[in-house]
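So, here come the structures, one by one.
Next, two complexes with chain A in common: one pairs it with chain B, the other with chain C.
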Partner chain A sequence: MKEKRKIKKMGELGVFAVLVIIFVIMSFASPVFLKTSNLINIVRQTVEIGIMAIGMTFLIIAGELDLSIGSLFATTAMFGGYLFKNETVPATLVFFLVLIGGIVLGCVNGLLVTRVGIPSFIVTLGTMKIYRSFAYAIGGGQSIGQFPESATNSWVWALGAKINGIPVQIFVMIGLFIIAHILLKKTTYGYQVYATGGNARAAHLSGINVKNVKLIAFAIMGFLCATAALVSTAYLGTVTTTSGAGREMDAIAAVILGGAALSGGRGTILGTFLGAIIMATVKNGMVLLSVPVFWQDGFIGVVVILAVLVDLFFHKNDSER
Partner chain B sequence: MMKKLLALVLGGAMVLSMGVTAFAEEADINIAFVMHAQNGSFYTKLSDGAEAAAKDLGITVNVTAPNTASSLQEQIGLLETAVASEVDGIATVTWDPSGFNGIIAEAAEKGIPVIGFNQDAEGCGSVAFIGQAYEKAGYSLGKYMFDLMGGEAKYIIASCGPTDVALVAREAGIDRAAAEYDGVEKIETIDIGTDLTNAYGVIENALLAHPECTAVLGVDCFSEAIGNVIEDQGLIGTVYGAGFDLTEGMLGHIKNGSVQLTVGQNPFLQGYYSVLELYLNKAYGSDFLNIDTGAQMVTADNVNDVQPE
Partner chain C sequence: MAPIIEFKNITKRFGGTVALDHVSFSIEKGEIHCLCGENGAGKSTLINLCGGVFTPTEGQIFVNGQQENINSIKKSEKLGFSIVHQEIPLCLNMTIAHNIFLGSAEATKGWFLNEKHMNEKTRELLDLFNLKVEPTTLLGALSIAEQSIVQIAKAVYFKPEILILDEPTAALTNDQREVMFRVVRSLVKEQKTTVLYVSHRLEEVMELGDRLTVLKDGKYVTTKNVSDVTMDEIVTLMVGRKIERTEWDRSYVTNEELLSVKNLCNGKKFQNISFSLHKGEILGLAGFVGAGRTEVLSSIFGADKLDSGDVYIKGQKVKIRTPKDAIRQGISMIPENRRDDGLVTSMTIKQNAQLAVMDRISNRGFLNESRSVKMMEDMIAKYSIKVGGMNDMILTLSGGNQQKVVIAKWIGNDPQILFCDEPTRGIDVGAKSEVYEILKDIASQGIGILMVSSELPELLNLCDRIIVMHEGRITGEVTREEATEELITKYAAAI
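Right, the complex of A and B next:
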């Protein structure tokens, strides 16, 4: 009994073991892998997916899914890019407008799911297309870049800067992971998310407003997509209409790699963090090892399946699964 | 049990890593060749050129591309990895007007030259560009087609990436040619995406919406979808078609008359010369040069003389 509790406490052990294996292999296979600059790159390349995967963790634990996040990312990025470029309002206000925009779009998804009763898969499949159209329409089909000094000299652009060679966005991502972990593990809302995903009916009967729990999770998702969009805009100095395409699957894969159950009720922020790092490390490793480009996607798929198998092994006696 | 499992896993990883190391041998000159997509025969020709150069020169070229076509974020990630790896040179496609400026500057700070191939954004910091003069090529396509149509046309532009630097330039070239004819009018630009099936549907819908259209002009390697629609819908002789690149499908369409022109740009040479220039600079300190790989006009008259690319 005591050992079972111990294993439960080490819920991320499986995914951590996978990460260790990959690090051991890569450190022997590539002389470049363990260089500080490369390790910083891996974490930097985790940021965009990592931030969005935080929101996806809340949704998946609550028993929902969001396929529109790549398009939501693009829409908020284009919206911000348009405002920055045209100097419509001060940069600080643009920052908050983009975040509010993300929350609003997230709430649209949430309301359609919780109030209208359409399954999240269908709702977000639809909004994935709608939000992508918004992105095209805002930019008139064009990229937005070469921003004026009112934007590039503002504090918002610090999100894309580096301090002693370390990108600020890494600190932003880590900060968000810590906040999300506290929210999920130490607050009533976090408990309600697990309860909702574990058994929505039981949660409802015990007095939890399941609809609101899910709506808030969608709003968090929108907020985090907008945050990732702001970070990306400040870092790249440009916004493209194709931004975020395909990122929804990467974010879902990171969450599942992290040990979450698609059926809901199970998952952790730490697990998602490790899952996102694994995704970035494998992608980085493929390049360093000169794996032929056509096989790289396939190899990532194999790693996802293997990692879930390892996780299953560690949780084979876990009744929560 | 847990300790044994971890020991077994780590032991296995060590053995595996020894095997993988064999594939990661050090070479004297190491070049990163970062494309913007990999979903088409055109891109295969680009990488074939780079790999052929690597073989001929006895150097290492690592060919990579984003999993999602034209994903700026993913391509920047690949370039960051190349810079962190301290490669001797990078060849890449800078298709966004300003998105690559930062990473190219970072590479330059570390003494890594970045050469542009296929598409190159003005002022992005690349040391040279190996590719087609896009606006000029678009103009040539427009002139040929509008002359062929007797100076009377209502045309649609089919683009797989309406924001891509090269495609915007080709479109501008076609529009410049159109401006020279009183009877030529542009209807719209459609985004056909980077999937031939999707492209087919978009073109089909555009023709349904604009029955007055007499020409669909492509600006990229997915132009063969134009020929597919014209052929399938029985529009040969009613709607003219043209586009870019010498894909097998496009050459087939020229042979059967559903498309009148395609313009080649020699992707193999773009890949080959990019690597060659980086090698020559590293080995002998030679200066970088822009190379125009040309606009090869392929029509029914010469289609049997060219090979697919």
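Right, the complex of A and C next:
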């Protein structure tokens, strides 16, 4: 029996092994790689994808998908940028307005999926385009930068600062990962997410409101996109209309790397965290090794497919039983 | 001349269950041979052996005197079998013509589809069946009855040597049935087609068949000329097994009404269903597959809709729209299909067992692990579920133990009313009797149980009362004392 439990954990162990291998190779290949500054840099580069991948983990476990998150990220970033620049409302209020905006846009996705009954792939493919247009419209097609002091001196900008050389955003991300882990493993909501994705009909017959479970997951996704947008705004000091493009696929890749099943019911927050770290490590490593930038995506693609192959190998035993 | 099909000592086992037990009989060329038997008699298994879906565990099948190993669907087709299944294996997104010629060489001319040929031939075929639709109509636009006619038409078009029809008339109207009979008869007459006909409608057997074979519990009973028997005699042949009935102290059964339903209707699935369930009572719902029993249960439970009718719980009228409402009203349901509706296969034993009782193992949304473990330990002990560890995946358990988990899950909810749909499906004999004991124990606590089962002995043994359904209507009600297999089968066949 203990053996079977081991296999169950193999999903995460697999990613972890991949991560270790990449670390070992890189530490030999590049003298800079293991330096503290570089390691901090890797985790910093994980933040945006990592935060969004948390929301994607909930959705994928519940059996859904969100392709609109890159655009959602950009819209909320532009929305916040516009408000910060205008100075009509205090920065703290902007902070909360952006988060609410993210939740609202996430709920739009969720309502279209659960109440109207359109598949999430289609809904979020549509809103991916729509939210991107919102981002353009808010900025009139222009980036927004050079924020006034009312913004840069506010506590919100601390999200982009460093404490003892460690970027604050790393703490934000890790905090969110911990909260998400607790939410998924220790609460009835997390229990319901797994049941919904594992067998929606059985969950429904057990008295679980499957639609609301999914709606909440979409809302969480929106909230996290807005959070990532705020962090990015404070860090970069500028927001662009095209930001976040393609990030939906990176987030999905991180979740899949972490051992989740696209068919739903399976996945963990820890796995997603490791998946996101792998993606950032690979990118970082390729920069250090001066691999031409156009090979980066290709290599990440290879890693994703390999990781899923490893996963398939371990889970073959599952279905045979 | 050798018979066209001869079954010799056919045995088919699925794990520990014996679906067919040394069955031998033969079918002559050009006859309409009917197969009769209760649910689970082995009819479908026999058909699937002909279709190459399964191969026999023991025994041989002879086709035209030649021993054949029918190990694939292709092989079965090559031997001249054509099977019309109960479910319709057609593509709803394609036209009638394309469905009929799917996979046929006639569909193409060179590299291209031969639309003209397909449509012409389809039109002839539709005329033959008196179906007034265009060959280019999408199959999905047809009613279920029309779709099953298309399926029969498809089977007929390719002029099979042996046509097997499995409950083909379930969805048909009387007119459509007459047309189908006419086509089948002319096929037999003009092309010497052999027909194996499976139906629980005995009047059809009497009308269409030449000979009939009765199966019971996977065993061969007899083969007779249809002209030599009456419907009553067939029923007697189909049942008549010795039933071991155990009696126990049932003094806890009361007349206190727990649940009562009045005139429930749901489209074509069932009409005017009224009954009541009492405290401590086990009420059985009998009938053939497709009689609408499962639908009645799931409609009351809120998993299926109700067009009209009222539901009362303890005399109070209630509205149940979702399973959540039903659970709140104290109803639990053990669904028919354990794998599809009962379990979340990606979860552990404990997670599955507590899916419906989340409130009890949590505090303000946070799961209380120690309470959850304690509850599971009690459950395992109480229902003697054989598990390695409660955190193992649910599929590591045997079917019987999985079912015990499902039952425990729903009892953990402290229901007043328990619906069980085929509670012993696919589990072995030992586990079955354990499930019976659990159900008796539940009833003795004053819970009312409404139980659907296709296994008559099970109903006769457990139930205080049995309601019998036929094609969406209640056709009879018998008390425990009156109940016999024969009586119930007569009601179920509506004769």
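Assume the second predicted complex is superposed on the first by the 315 of 321 C-alpha atoms of A that agree within 3 Å, B and C clash if a C-alpha of one lies under 4 Å from a C-alpha of the other, contacts with A are read in each partner's own complex, and residues count from 1 in each chain.
Just so it is clear, a residue touches a chain if its C-beta (ideal position, glycine included) is under 8 Å from a C-beta of that chain, and two chains touch if they have at least 3 such contacts.
What you are looking at is a predicted structure, and each value in this text was computed from that prediction instead of being measured.
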Chain A as common anchor, with chain B and chain C clashing or fitting: fit
Partner chain(s) touched by A:Asn212 [first = chain B, second = chain C, both, neither]: neither
Degrees between the directions from chain A toward chain B and toward chain C, using C-alpha centres, nearest 10: 130
Comparison of chain B and chain C by chain A residues contacted: B
Touched partner set for A:Ser150, first chain B, second chain C, both or neither: neither
Which superposed partner A:Gly198 touches (first chain B, second chain C, both, neither): second
First, second, both or neither for A:Lys35, with chain B first and chain C second: first
Contacts of A:Tyr189 with chain B and chain C, given as first, second, both or neither: second
Touching partner for A:Arg266 - first (chain B), second (chain C), both, neither: second
Lowest C-alpha to C-alpha distance for chain C against chain B (Å): 20
Touch list for chain A against partner chain B, complex: 13, 17, 20-21, 24-32, 35, 37-38, 40-41, 44-45, 48, 136, 139, 141-143, 145-146, 232, 235-238, 240-246, 283-284, 286-290, 292-294, 296-297
Partner chain C, residues of chain A touching it in the complex: 1-2, 4-5, 8, 186-189, 191-192, 194-195, 197-199, 201-209, 261, 264-266, 318, 321
Partner chain A, residues of chain C touching it in the complex: 301, 303, 322-324, 326-328, 333, 335, 340-347, 351, 355-356, 358-359, 362, 365-367, 388-389, 391-393, 395-396, 409
Complex interface listing, chain B residues touching chain A: 2, 6, 9-10, 12-14, 16-18, 20-21, 23-24, 26, 35, 38, 47, 60, 62-65, 67-68, 70-73, 76-78, 80-86, 96-99, 101-102, 161-163, 189, 191
